[in-house]
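Presented sequentially are two complexes of subunit A, the first with subunit B as partner and the second with subunit C.
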Partner chain A sequence: MIPACRLADLPRGEAFRLDSDPPVSVFHTDAGEVFAIDDTCTHQDASLADGWLEDCWVECPLHASKFDLRTGAVDAPPAKRPVRTHEVVIEDGMIYVQLSTAAPNLPACVAARLAGAGG
Partner chain B sequence: MTSTGLPDSLIATLPGSSYTDPAVFALEQERIFETMWFCVARASDIAKPGAFRTVDVGRESILVTRARDGSVRAYFNVCRHRGAKLCTQESGEVARAFQCPYHAWTYDLTGKLIAAPNLTRMPDVGRTEFGLASVASREWLGYVWVCLAEHPPSFEEDVVGDVVARLGDAEAVEHYDIGGLSVGKRIVYDVRANWKLIIENFMECYHCATIHPELTEVLPEFTDGLAAQYYVGHGAEFGAEIEGFTVDGSAGMDRIPGVAEDQDRRYYAITVKPQVFINLVPDHVIFHRVRPAAVDRTVVECDWLYLPHVVDGGRDLSRSVELFDRVNRQDFEACERTQPGMSSRMYAKGGVLVPSEHHIGAFHDWVRERLGTRQPR
Partner chain C sequence: MVGASLAGLSAARALRRQGYDGRLVVIGDERHRPYDRPPLSKEFLAGDIGEAELALEADDEDLRADWLLGARATALDRTRPSVRLADGREVRADGVVIATGAAARTLPGTEGLAGVHVLRTLDDARRLRAELASGGRLVVIGGGFIGAEVASTASALGHEVTVVEAAPTPLSGPLGETMGGVVSALHADHGVRLLCGVGVRGVDGTGRSSTGGVRGRAGAVLLDDGREIPADVVLAGVGARPCVGWLEGSGVALDNGVKCGADGRTSVPGVVAVGDCANWHDPLAGAHRRVEHWTGARERPDLAVATLLSGGAAHPRPPRPPYFWSDQYGVRIQFAGHASGADSVTIEEGAPDDRNVLAVYRRAGHPVAVLGMNQPRMFTRWRKQLTPTAA
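And now, the complex of A and B:
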């Protein structure tokens, strides 16, 4: 499990971006729930943590595809593939993320870079 | 005769080329409109956060909007990335952000760069440093004013000062609560004339008896040819038979409550240099914004402002609006008739101002001073 940040440091309606590779973002919804998904939009390299959180959805700041924080599903193009979701554990006020073992759905340029970096 | 060769009654105008030469106009754009406070919109035109207007100020396109905290913001309408025009519409509303249609650089309402493709892989790109370049802005009298100067001049001295100079004190204009009035009518005039012809026309009333029959009926003293702006703190009095400031002298709308007894049944006019002209009458305010578009073309946006309940109640404003709409059309027709003469060989050295127009000479001196082309008179 990767420690993200303290729950008290993440106000409702905001996101925290982990500099993992690929990056993961933790969202604290207005209803008080905490979710973690891959930070990168599956359409183009954009940070979903910079997007707009509404209920259990985050809207990509670049081209307005929305992702369901609970399932990773996308509502409408231009993004076509879902983002991965990650398990969240909160212990002693600290948010931890259990990274998914599924293959990420990254946009082509990011996937190529990761492949190169990983050897 | 003076050293200018003119009889004492007359002083010279600017030369014809001042109204026709694109180089002079470019200099005016740079040294007047891009340097001074410029009134761009009614505050209610951008009532909500994210509502915006794009306006040309001098040679620049400026984006005016309202941030989440309700404050007015103004930016150069240019993407910081590759310079594309950010907003191409004249007005509209965004939910949360302005996005460049070229590469999707995305800015929030405070101008900060909030997203761009690959931005997280460029952590050295400062989001404020590469945010929209802002322009000074103010709200006053219910209007949005911007200044493109790097170090804007004092708003109080330049803008408020012009109003005080005309009315005698700042309180006199506050009586009309211009910020609290509602827009009952807006008419945009596209005038084929240099902006200075329009300002000069606003400044004098030597033409009133000839081209403004309805106005001189309501304000008989205008037949003397002395504009309200000739004096400090003087309002032209309505004629004895006149009930209100309307095209036929019939009663106007409800009087603005703050208007003082000595302001009742009077008409005041104010020019705020370089491009605003305000008329105050007991029941409404007429607010002109002059936007120079080319050396021989000027757009004048004119609002008729009334008490909110008068506008909301759907009262018939037509006779009220028609008086100054006719005055404007008569004036702008005269300006359009004058523009071709500016390039006549006969007018190369300009024309003359009669005594009731001599204060226009001070406007000409002011223009020359701004342009750095002051000549000995």
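And now, the complex of A and C:
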């Protein structure tokens, strides 16, 4: 499990991006729930942590595809593939993320860059 | 559904999502399934993505619709009601969504001249992409977003590019004078020549193709001040006009497109309009505004379909302020709101010289628009503050 940040340091309506590879973001919703999903939109290289968080959805900051924080599902193109969801554990006020073992759905340009970097 | 691009597709989706279970006919004058237009001036033109990646429908998506593609609507009969097609067919309907979009304006006098392009459709993009593949000098007429994006893409492909803009500052309409200047400075950063404040007189048609002397091909762009800019390829990025000619005499009120209420209703019951052809009333501005943005074509059909299905009884919440983006020379440009009503512009983050800026437009102290260059996080924060429903 990867420690993300303290719950007290992540106000409701905000997101925290982990510099994992690929990056993962933790969202604290207005209703007080905490979710973790892959940070990169599956359409293009955009950080979902920069997006518009509303209820259990985050809208990509660029092209308005929305991802369901609970399932990773996308509502409509331009993104067509879901993001991965990751298990969140909160212990002693600390947020931990258990990374999914599934293959990430990265946009082509990001996948190529990671491959080129030997990652 | 008259129109099979993003607005028409979004309306079809909204109909099914909102419980409409009857027959759905989608009429499109292009022969293609719905595709995404923004990449046409960027990744598609650059050759980074292919046509399959432009598809707007998911692979497993089934809207249970009858698609009449390559079929142009020529008339709306409000009494039957029905839509007449160019091939003589007539489609009866209980409700009509007008989503016929807009068409690129062309340069008068350049009809039939090889090497002169517009960019709106996939077919336009295929032609332009094929011509850019053979290199040479590109002259872009119009320093708006389409022109700037094509200039950016072509310069990255190694072309010598000149942009000609009639106004003193490009993008001053959507972004205002100050920030229009900041954004259009990207051209010079990347070796693209920008000529402002000069009109275009015409295109010289005595150019030569690489395969030998051919008359009737663009050779130079002729400016009002007498200059001639040599060109192998010319792109006219001079705006678009709403495709509403087919509605003349139908009883649907037209005024810079289809005149609509703030929920997409037209002057005719059972008929709504969305996308680039629709001139919606903007309650915040107290005026009609025809919004030609991708996000409007995607979001507003939800409201218009609620209006249609409820017979006008639904009062959906107003649309979010208009939002658009542009990618130029590797810089992400985002804009939301209306610049025209602002009395001040303040740089809140970054610096114009770094091409990394967050600028907030205010009227009487209230934020009415926000512009970001490579500032997605701060941009979203400010964008939310423009939204009355987020308060």
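Everything below uses one rule, namely that the second predicted complex is superposed on the first by the 118 of 119 C-alpha atoms of A that agree within 3 Å, B and C clash if a C-alpha of one lies under 4 Å from a C-alpha of the other, contacts with A are read in each partner's own complex, and residues count from 1 in each chain.
Assume a residue touches a chain if its C-beta (ideal position, glycine included) is under 8 Å from a C-beta of that chain, and two chains touch if they have at least 3 such contacts.
Because the structure is predicted, anything quoted here is derived from the model rather than measured.
Undergrad: Clash or fit: what happens to subunit B and subunit C when subunit A is overlaid?
TA: clash
Undergrad: If we overlay the two complexes on their shared chain A, which of subunit B and subunit C does A:Ala46 touch? Say first, second, both or neither.
TA: In the superposition, A:Ala46 touches subunit B and subunit C alike.
Undergrad: Thinking of the overlay built on chain A, is A:Leu62 touched by subunit B (first), by subunit C (second), by both, or by neither?
TA: It touches subunit B and subunit C both.
Undergrad: Applying the document's definition of touch, where does A:Pro23 land relative to subunit B and subunit C: first, second, both, or neither?
TA: first
Undergrad: In the overlay, answer first, second, both or neither for which of subunit B and subunit C A:Pro104 touches.
TA: neither
Undergrad: Does the superposition put A:Lys80 against subunit B (first), subunit C (second), both, or neither?
TA: Touch status of A:Lys80: second partner only.
Undergrad: Please state which segment of subunit C collides with subunit B in the superposed model; the candidates are 167-175, 203-211 or 275-283.
TA: 167-175
Undergrad: Which subunit A residues contact subunit B in one complex and subunit C in the other?
TA: After superposing on chain A, subunit A residues 46-47, 50-52, 61-63, 109 contact both subunit B and subunit C.
Undergrad: So in the complex, which bits of subunit A are touching subunit C?
TA: 46-47, 49-52, 61-64, 76-78, 80, 108-109
Undergrad: Would you mind writing out the residues of subunit B in touch with subunit A in their complex?
TA: On the subunit B side, the touching residues are 96-97, 99, 104, 106, 114-121.
Undergrad: Spell out the residues on subunit A that touch subunit B in their complex, using ranges where they run on.
TA: 17, 23, 39, 44-47, 50-52, 61-63, 109
Undergrad: Can you check the complex and tell me which residues of subunit C touch subunit A?
TA: 10, 13, 36, 38, 48-49, 55-59, 294-295, 298-299, 323, 325, 332, 334, 376-377, 379-380, 383-384
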